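Shared between the two complexes below is subunit A, which has subunit B as its partner in the first and subunit C in the second.
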Partner chain A sequence: MSAAPPAIKSQPQYRGLTWDASGQAHLLLLAARDDALLASLLGALPSAPIRVIDCADALAAFSAPAALEVTRAASLETALGLLDDALARASMGLRLYLAGPEDAIWQAHTIAAAYGMGRREIRLCQTGSLARPVFCVHCRSMTRHVRTNIVPCAGCGRALFVRDHFSRRLGAYMGFQIDAEAPGQVPPAETVYP
Partner chain B sequence: MNIRFRDETFRGDYSYRNSDATVRRFPFPFGLDEYMYSVNIERHNGGPAGSVYEFAFDIDEHYVAECRDRAITLERDPGRCVSLPHMIDAEWDVLELIMTSLAHDYPDHFGLQCDGARWTWTNRPLGIEQAFVFGDAATLPCPPFEYITRQTQGDFVIMDQRDGDLWADAGMITSQADWSMSFDTGMSFKEWHGPVPRAHEIGVFDRALKYLLMLQLGQPVRRLNWTMTVNPRLDTAPETYPEWGPDRASVRLDNVPDKVHLRVELQALFRLPRSNGVLFSIRCYLASVGDLARYPRWAKRLHRVLRDLPQDLAEYKGLVRYRPTVLEWLSRLDDGAPVAPGTHPE
Partner chain C sequence: MRPVIEMTIARTLDVAPGIREFWLKAADGSALPAYSGGSHIVLGLPLPGGLQRNPYSLVGDPADASKWRIAVRRQEGSRGGSAWLHDTAAEGMRLQVAVPANLFPMARLARHHVLIAGGIGITPILSHAREMARLGLSFEVHYAYRARAFAALADEVGAIAGDRLRRYDQSDGEKVDFEALLAGRPLGTHAYLCGPQPMVEAFHAIGTRLGWPGDRLHSERFVAPPPGDAFSVRLARSGLRVEVPPHRSMLEAIEAAGVSAPFMCRGGACGQCELEVLEADSALQHNDLYLSAEVRAGGRRIMPCVSRACGGCITVDL
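Moving on to the complex of A and B:
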């Protein structure tokens, strides 16, 4: 996959997911259905144990190989709880793979970071919706599943412009009040993250 | 050297003013008639007596008022000072560097006595006398980095060096040109500078990072950066943009000289001894267009730089709304005659 480099360097660039052969165990979180991605992953399975947490019925079209330990979760929240439990019991050498919309994969990333997992141990793949999590720099609330370039803040209600500047620690893009210089002059929002 | 500290404000009635001597030593950043990003780094181991480059941390007539303004900002938003847990060694490094520098460079105003780990810090302008044990945070009223940067002009970021990168893992940021420490905490060098236009494409951050990773103890470096601010306001953070954003729409031809300020950052970088981190100090200087226009060289040069500044840089610096008005005011002072290279006022 090749895409134009982002205008703002903090914006994550995702490539397709592949297994990391150096992993001694693998944990895959699926938060969106992407048959092509799964076909490529299942077609090149590594030998080390693989655990899958699936909250998007992503494996529906596949008969998962017996080597995979698959847990289906009814919601992202449940899946994140399962991920937390799994990481609490994990040992060194685990590789984590996160596939889904940015809201899901970066919430999972935050959990993994709290267990000390570094950038080299986690692979992320944006798939499904392009919707963004947005952090309001004024009131510090998170507005999730944002599909438009301008969105009302879930916390303070200000009309936020969604900037491409991304924080891995917060797992979100920056939002700031678009009409701060001329209050009331809010351009119409456009759907840009379908 | 005895500095007379001004009683003034950076908000509300904006009573901030520069004395004639302070205007004269203003770090005017434009040595040529046009501006573009570059790795304009030079050694920061002293400069001409009385200049802003003379000492590691410049203290001037605005010191007390700036510390007061920082306290107000922190009271309203404690999140402006952040430090990730692994930064505690670097915090002590910074406290030591600032205390020893200020006590050495401004003995009339600051003092430091060290008896092993038992230190006594004296800050006369702020009326502070503090005995503490170096390395024992419980003996200070707040964590060491916050403690000392509450008493120093300028913003500070401590970058942790690991994996061939510099990470913005601590910061005291209350006088910034529209960037958010609470959002940027933990970012890599290039992520943190992500929003800056053009500079990435011309390789500025690649080269700067390579250079800074090799920065040596005792050999600090510096550069200047600049933007403009309407009203002499230190707190132009994204967090408070709804408060100061409307000011940008208040510029008129008659208020340009008093209202519009050139904002120059003297940025210095110091390797830290125990943590191997890098301290990044961002010392902000504000001068009104009217102050600067007293020197014809500066008036002409500022006019030409602003006039020819590419639109994307003007947008990034937030100048678009009032640039035409400032240009109209400055154009009357520019006869088009050549101005010899250099940043000096006369």
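Moving on to the complex of A and C:
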């Protein structure tokens, strides 16, 4: 929830998370523990049915209200599988809420988009690690959990500079070869996305 | 400005009581520009009182570049455009036609399309169904009409949609139940409606109550410019003063005075002809579907294709 707008327009901005009262059913995916966020969400529950998929033990500090149908998942992968199953059975009127690091919430977003869900049905909130998913513009591989401004590509090994340029379709930041002009001249990487 | 083509009425067919179909071809026989399902054209009709331009949805096959098809319902108590097309228009006549524009396009990322037509609203729905069938998309059609005899184009829709067509015959007491139609639909469904205003309102109200986001509920309606009081328009940039008679739209009067003004749909829907009102000594009568209540309350904007002043004189930035 930074006040300054991003230098690059495509970079997502997240403004907390609140329930959308126009929804007729709600599905919340929790991929990071954030007690303050949970407290605010649980303090203002909408009347429509709520399903929660929690793969971060995010509800540990709370006694979840009976109205919530909570499923705990051991991993993000399992949680995304549960999300896929839930969306396959869901109807128009559902609102989807995704809370966690960008890698997790944008993987979930990609699944939801494949079911035809749009911007007015999905709310995203970055919480937990600031690590970025990075898409290599050279070999088209994804490198996940990137905390540094320069990272070796998981696919082709090129030293990638991590840009703020973000693709909603790919759910990742663009990474391009930093030493393309001067091969071998790779500055030291710094941890900028803790 | 929207290009205009000179066209010939190649064929007229009476398809139902009060509904007449027209085939239009380029006067010079050339191939016509491509269009997408849901598009409309604007016909320039040579009425005794001057040229009247009316929008009509294309009902034909977008892949057919040899002709454009429209179906026109005779509007009783209207300004005479549809009556002229029914009584006077004949094969061989030439008309000035503005090329297709689409204010009612299909959502290409949808996983399923629910098409709903009320009466003559079948026209854009038919072109959508045809295109969706060709693209192999998942769709269904719901067609409500007063009675079987008025169900123009029903056979054509049936041939395209097969068992994906459901008919609602009002004379048998059948009507579209939006609650049942929109509830429990899979994610990624888009619904489209073209029909009378009460149907449009029920569609949006019930869809919204069921949690459909507004961008999943598509509707199209054009307004015919309603007559009103005579008034004057002063065009600020030229100082020209134009008189608008009761049965002529402000846009038509401006055009008849030889001034070229922006326009697209001429039915109060698209927003292209919006003008800034600099001065007005009478109330504005807004008939469009475009301006918000707040903008209307501001009294500084008007859509001259369908809206007018209640007498007196207004000055616009044109």
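One rule holds for everything that comes next: the second predicted complex is superposed on the first by the 192 of 194 C-alpha atoms of A that agree within 3 Å, B and C clash if a C-alpha of one lies under 4 Å from a C-alpha of the other, contacts with A are read in each partner's own complex, and residues count from 1 in each chain.
The rule we apply is simple: a residue touches a chain if its C-beta (ideal position, glycine included) is under 8 Å from a C-beta of that chain, and two chains touch if they have at least 3 such contacts.
A quick note: this is a predicted structure, and the numbers were derived from the prediction, not measured.
Of the two partner chains placed by the overlay, neither subunit B nor subunit C lies in contact with A:Ala67. In the superposition on chain A, contact is made by A:Gln177 with subunit B only, not with subunit C.
By the touch criterion defined above, A:Ala39 lies against neither subunit B nor subunit C after alignment on the C-alpha atoms of chain A.
The partner that reaches more residues of subunit A, of the two candidates subunit B and subunit C, is B.
Once chain A of one complex is fitted onto chain A of the other, the partner contacts of A:Phe135 are limited to subunit B, with no touch recorded for subunit C. Looking at the shared chain after the overlay, A:Gln24 reaches subunit C, while subunit B stays out of its contact range.
In the overlay built on the shared chain, the residue A:Met92 is in contact with subunit C alone; subunit B does not reach it. In the overlay built on the shared chain, the residue A:Glu121 is in contact with subunit C alone; subunit B does not reach it. In the overlay built on the shared chain, the residue A:Val192 is in contact with neither subunit B nor subunit C. Comparing the two complexes, no residue of subunit A contacts subunit B in one case and subunit C in the other. Taken in their complex, subunit B has these residues touching subunit A: 79, 163, 180, 182-187, 190-195, 200, 205, 238-242, 245-246, 248-249, 321.
Residues 8-11, 119, 135, 137-138, 140, 158, 163-170, 174, 176-177, 180-183 of subunit A touch subunit B in their complex.
Residues 22-25, 87, 90-95, 115-118, 120-121 of subunit A touch subunit C in their complex.
Taken in their complex, subunit C has these residues touching subunit A: 109-111, 182-189, 208, 210-216.
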